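One chain, chain A, appears in both complexes that follow, with chain B as partner in the first and chain C in the second.
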Partner chain A sequence: MHGVKRVQYSKEVLEARKQRDQARLKDYLALYEQVFQKRKNKDFSQDAFDSTTNILRMNPELYTIWNYRRNVMTNGIFPASDPSKVNDILSDDLSLTFALLKEHPKVYWIWSHRMWCLEHVPDGPTDDQLKGWKTTNWKKELFVVEKMLDADARNFMAWNYRRYILGNMDPPPPPSAELTYTTKKIEANFSNFSAWHQRSRVLMSLWKEGKLDEKTSKQTEFELVQNAMYTDPDDQSVWIYHAWLIDAGEDTALLRREITSIQELLDEQPDSKCTVYGVACPIQEAHFGEAFGQLGP
Partner chain B sequence: MSNTTSSMTLNIPLHVKYIQSLGENKDDLVYHMTSHLRMNAIYWGLNALCVMKQKDALDREEMIDFVMSCWDDEAGAFGAHPAHDAHILSTLSAIQVLTIQDAVDRVDVQRVVKFILSLHQPSGVFAGDPFGEIDTRFSYIAVQALALLGQLDKLNVDKTVSYILRCRNFDGGFGAVIGAESHSAQGTFLISSVLHRLIIHCI
Partner chain C sequence: MKGAESGKDDYSEYDTPHLIMTYTALLSLAILRDDFERLNKPGILKLVRSCQRADGSFTSLPNGGDSDLRQVYCAFAISSILDDWSGIDVGSAVKYIQRCSNYEGGYGQSPGGEALGGTTYCALASLYLALSQSTSSVSPHLSPEERTRTIRWLLQNQTPVGGFSGRTNKVPDACYCFWAGASLHILGASEYVNVTALASFLSKCQFKFGGIAKAPEDTPDPYHTYMAVAALALYPPEGADKSYNLPKLNALWNTTEDTAEWIRSHIQRRS
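Let's look at the complex of A and B:
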C-alpha cells in the first residue's frame, strides 16, 4: 500500500507469530482439503458455498475457489432462487468483497468477482422497474470506490474500477462531475498521478465531443499546473501533465510564456531536477519550431 | 577498498540456497497461502538460477513432473498448482519452465493454443480465463506463449495490436485496459515484448 512503512520485528514477536501461524495453517489446510474435495465432487450446494466463504476469508487470492464459488451460484443456488433472492445473494457478495478489499486492496481476483456480481444482477424488482436493482447497485459501487480511493488515492485498480462503474452507470454521471472529482483529488495531493491521468481522459473526451473549448480549457489547466509546480516542483506528475498540455508546441506565444514562467521557478529552485526537465521540454518544442521558421527573432 | 570489491560481487551460493529453500518450507503458512502463485514462482526461481548459471540447482525431473501435474485436462491448459483451474498466467509460466528444461514435447500444444485463442476477446484484448477478466498483460502472455510454442501465426495480429495501441496514454505509456493509467508492467511487456515481437514476426 502506498505510504505504509515496512516494520522490522523483534525475535520474540517473530517467534510468537510463527506459533500463531502454525495454528492458522492447520485450520487453513483442513478448509482447503474440504473445499477442494467438494469441488471435485461437483458439489453445488449451500454447504459448498459456505465452505468457499470460509476459505476465501482466510485467503482471498485463491482464484480457483472464486471460480468454484461462481459455479456454485450459477449451477446450484441461482436456479433454486427467485430474482429477489439472487439479488440478495449478490448484494451479500458485494459486502463480503468490500470487507476483503479493506484488508487486500490490490488483489485482482476480488475486484473481478465484484464485476461478475454486478453483471449478474437480475432485472427487477418489478416489470416496470427492470433496471431498479442494477441502478441501486451501480450507485453503491461509486460510493465503495470513493471509499477505497480515500484510503489510497493511488490504487490503480480502484481507479480502473471507477472507470468501469462510470462506463456502466445508466444514465452515466456528467463528465463535469468527474472533472470536479479529479480537481478535488489533485488539490488534496498534487502528486496524485492517477488523478492527473483521469483528468486527461475526461478533458480529451470533452474536447472531442465539443462540450468544452480546448483552448480555453487548456488555459485553466495551465493555471492549475502552475499552482502545482510552485507547490511541489519536484513532483513528476505535474511536469508530465505540463508536457502533455504543451503538445506539439505549435503555439509559439504559449511556449514563450511557459518558458519564462518555468525559468522564474528554476531561478528560485536551481536544484530542482524536475524543473530543469520542465523547462527543457517547451524549449525543445520551441527549437523544433525554430528549425521550421515558426519562431521569429 | 577490499570491502568495496566484495560488496560488488554477487553472492551466488547464497542466492541459490535461498531459491532452493523456497520449495522446502512446506510447513510454512506463507508457502500454502501462495499456492495460487506456485507455477509462476517456479519459473521465477528457475529463471534466476539460469541467470546465475546454476540451472541444475533444482531437480529437472521433479520440476517437469510438477509442471505436468498442474495440467487442467478439462480446460486444456495449466493451473498454478495441482487441481487449480487453468489460467493464462500459469500456462505461460509452465511453457517457460518446460522450454528452459527442454521438455516442451510434453505439452499438448494444440490444446494449449486452443485455450489461449479462446481467450481472445472481440475487442482485441485477452482475458485471463473463461470468467473474462481482461488486461493487456494477458495480451503479452498470449503472444509470448504462442511465440515459445512456435504458433504465432495462429494469432490475429491486427486485432491484438489495435487494442494495445488504444491503451496508449497522454504520458506515452500503456495501461491495463483502454483508459487505464500507464503502468510500468504494461509498458515493459507491451512495448518491448508484444509490439517488438509482432513487428519481427510480420517482417
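Let's look at the complex of A and C:
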C-alpha cells in the first residue's frame, strides 16, 4: 500500500516472526494436502465444507478450492437443506467473505464468490414474500460495498461491484439515490475521479430513461464542475468530467460559453496548465479550430 | 503438457486450467528455452475456446471465474503465440474490447468501468495482436480519433515526478510505467514520453539493497521490479550509462525480443 513506510525490526522480532511463519506454513501445507485429497475423493460432506473454510481463510487466492466449495454446496449441502437453511448458509458465506475482503480488498475470487452466493439465494421466506431473502441480502450488499468504499474511495473493484449490485437489485433503488451518493463522495474529495465517473454513468442512464431532463441537468453539472475548477484548476478529474459534459462538441453556443468561462479562470490563474489543456481537448477533437483561436496563447 | 493428461478423472490433483496461468506458463517455458516438444496445442486451443462467452469476453476458467479485459488479452496472446486463432471468435471479442473503451480515453476493466492503465494495455495489445492474424483486415479496430484520445489520456497520467499513474488523479506507480508506457509504444507515440523523468522516478523506486518498489520508500517486490525494468527497456533515458543497456522488448507479448524469436522458431515454425 502506498504511504506505508518500511520499518526497521529488531533481530528478536524477525526471529519470532520467522518461527511463527514456519509453523503457519506447516499447518497450511497439511491442510492443503487434506483438502485436495477430499476434492479428489468427491467428498461433498459438511466436514469437507469446513476444511475449505479453514484453508480459504489462510489463502483466499486458492481458486480451485473456491470452486470445490461451491461444488460441495450444490452437490452435498444444499440437497440436504431446506430453503431457509440454504439462505442461512449463503448469509454465513457472505459474512465470511466480508471478513476476508477487509484483509484482502483486491482478491478477485472473494468478490466473485459473493456474486455467486447472492445469485443463489433461494425464493422465500414465504410464498407471499418470494423476494424477501433476496431483497435483504442484496440491500446488505450495498451497505458492504459502501463500507469498502469508505475504506478506500478509489478501490475500482468495489466500484465495479457497486455497479453490479445496483444493476441486479430487485426492486432497484430509486435512481436519484445513486446521484446523491456520488455527490457525497465528490464533496468528500473532488479529486476522486472514480466518483465522477460513477456520476457520469448514472446521469447517462437517467437521461436515456427520461427520468431527468438532460438539458437542465447538464446545466447543474456545469455549475458543479465550475466550482471545482475554481477550487483547484490543476485537478485532472474536473477537466475530464468537463470534457465529458461538453461531449462531442456539437453545440457551438455551449462551446463558446465554456471557452469564455475558462478564459475568465485563465485570466485569474494564468499559471494553470490544465485550464488550457482542458478546453483544448474537446474543441480540438471537434475540429473547432476557429473557436480554439479565441483562447489565445 | 501431454504427460499431465489424466483423461477420465473429473478431479485431477491439479488446479483447473486457467487462461492467465496458461499465458504465463507459455512465456515462462519460452524464457527457459523449452523445446515445446510436449506442447499440447489442441488442448490449449480447446481451453481458450471453452472460456469464451457469448458477449465475446473470456472467463479465467472453463467453468467461470473473472471475466474482463485481462482474460481477453491472455486469449489473444496465447492464440498469437501458438499462431492459431481457431480458438477465438475474434469479431465478438473485438466488440467486447470496444465496449470497454470510455470517454476518458482509456479502457475500463469491463464495460462501463473507469479507465485503467493495465486494462488499457490489455485492450490495445489485443487489438494489435489481432492484426497479425492473416485473415484480419488492416485496421486495428481503432479510429484516428480514438487513438488520439487514448494517447492524450495516457500522457496525462505521466505525473510531474515522471512516473505514470494507472488512473486519473492517482499517485504514480512503477508498474504503470510499463502498462502506460507499453500502450504508448504500441500506439506509436513513444516520442511523447518524458524518458528522463521516467527513469528518474523508477530509480527512486529502487531499494538500496536491491529490487524496485511500486513507489519511492516502498517495499520492493518481483512484480514491480520486472515491470520497471520492462518499462526502461522500452524507454532508456537519453545519455544513460551502460547499466541501462537492456534487451529489446516485445511490447505486445511483454517479453524480450530474444524470447519472442524463440517462440517464433520453436512453436510457430514447427510443422
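Structural remarks
Everything that follows uses one rule, which is that the second predicted complex is superposed on the first by the 259 of 297 C-alpha atoms of A that agree within 3 Å, B and C clash if a C-alpha of one lies under 4 Å from a C-alpha of the other, contacts with A are read in each partner's own complex, and residues count from 1 in each chain.
Keep this in mind: contacts are C-beta pairs under 8 Å (C-beta built on N, C-alpha and C of every residue); 3 or more make two chains touch, one makes a residue touch a chain.
Predicted, not measured: the structure shown is a model, and the values here were computed from it.
Overlay on chain A: chain B and chain C clash in the combined arrangement.
When the two complexes are overlaid on their common chain A, residue A:Glu61 makes contact with chain B while staying clear of chain C.
When the two structures are aligned on the shared chain, A:Leu25 is found in touch with chain B, with no touch to chain C. After overlaying the two complexes on the shared chain, residue contacts for A:Trp244 are found with chain B and with chain C alike. Of the two partner chains placed by superposition, only chain C is touched by A:Asp235; chain B is not.
By the touch criterion stated above, A:Ser191 is placed in contact with chain C alone, chain B being left untouched.
Residue contacts after overlaying the shared chain place A:Lys42 against chain C, while chain B stays out of touching range. Within the superposed three-chain model, A:Tyr9 lies out of touch with both chain B and chain C [touch as defined at top].
Shared interface residues of chain A (contacting chain B in one complex, chain C in the other): 36, 39-40, 63-64, 67, 108, 112, 156, 159-160, 163, 193-194, 197, 200-201, 240, 244. Chain C contributes residues 9-13, 15-16, 18, 60-61, 63-66, 102-104, 109-110, 112-114, 116, 145, 148-149, 152, 156, 167-171, 173, 214-215, 217-219 to its touches with chain A in the complex.
Interface of chain A with chain C (complex): residues 2, 4-6, 36, 39-40, 42, 63-64, 67, 108-109, 112, 154, 156, 159-160, 163, 191-194, 197, 200-201, 235-237, 240, 243-244, 277, 281, 285. Remark: chain B residues 27-29, 32-37, 79-80, 83-85, 87, 129, 131-133, 135, 169-171, 175-177, 179-183 touch chain A in the complex.
Residues of chain A touching chain B in their complex: 21-22, 24-25, 28-29, 32, 36, 39-40, 58-59, 61-64, 67, 70, 108, 112, 115-116, 156, 159-160, 163, 193-194, 197-198, 200-201, 204, 240-241, 244.
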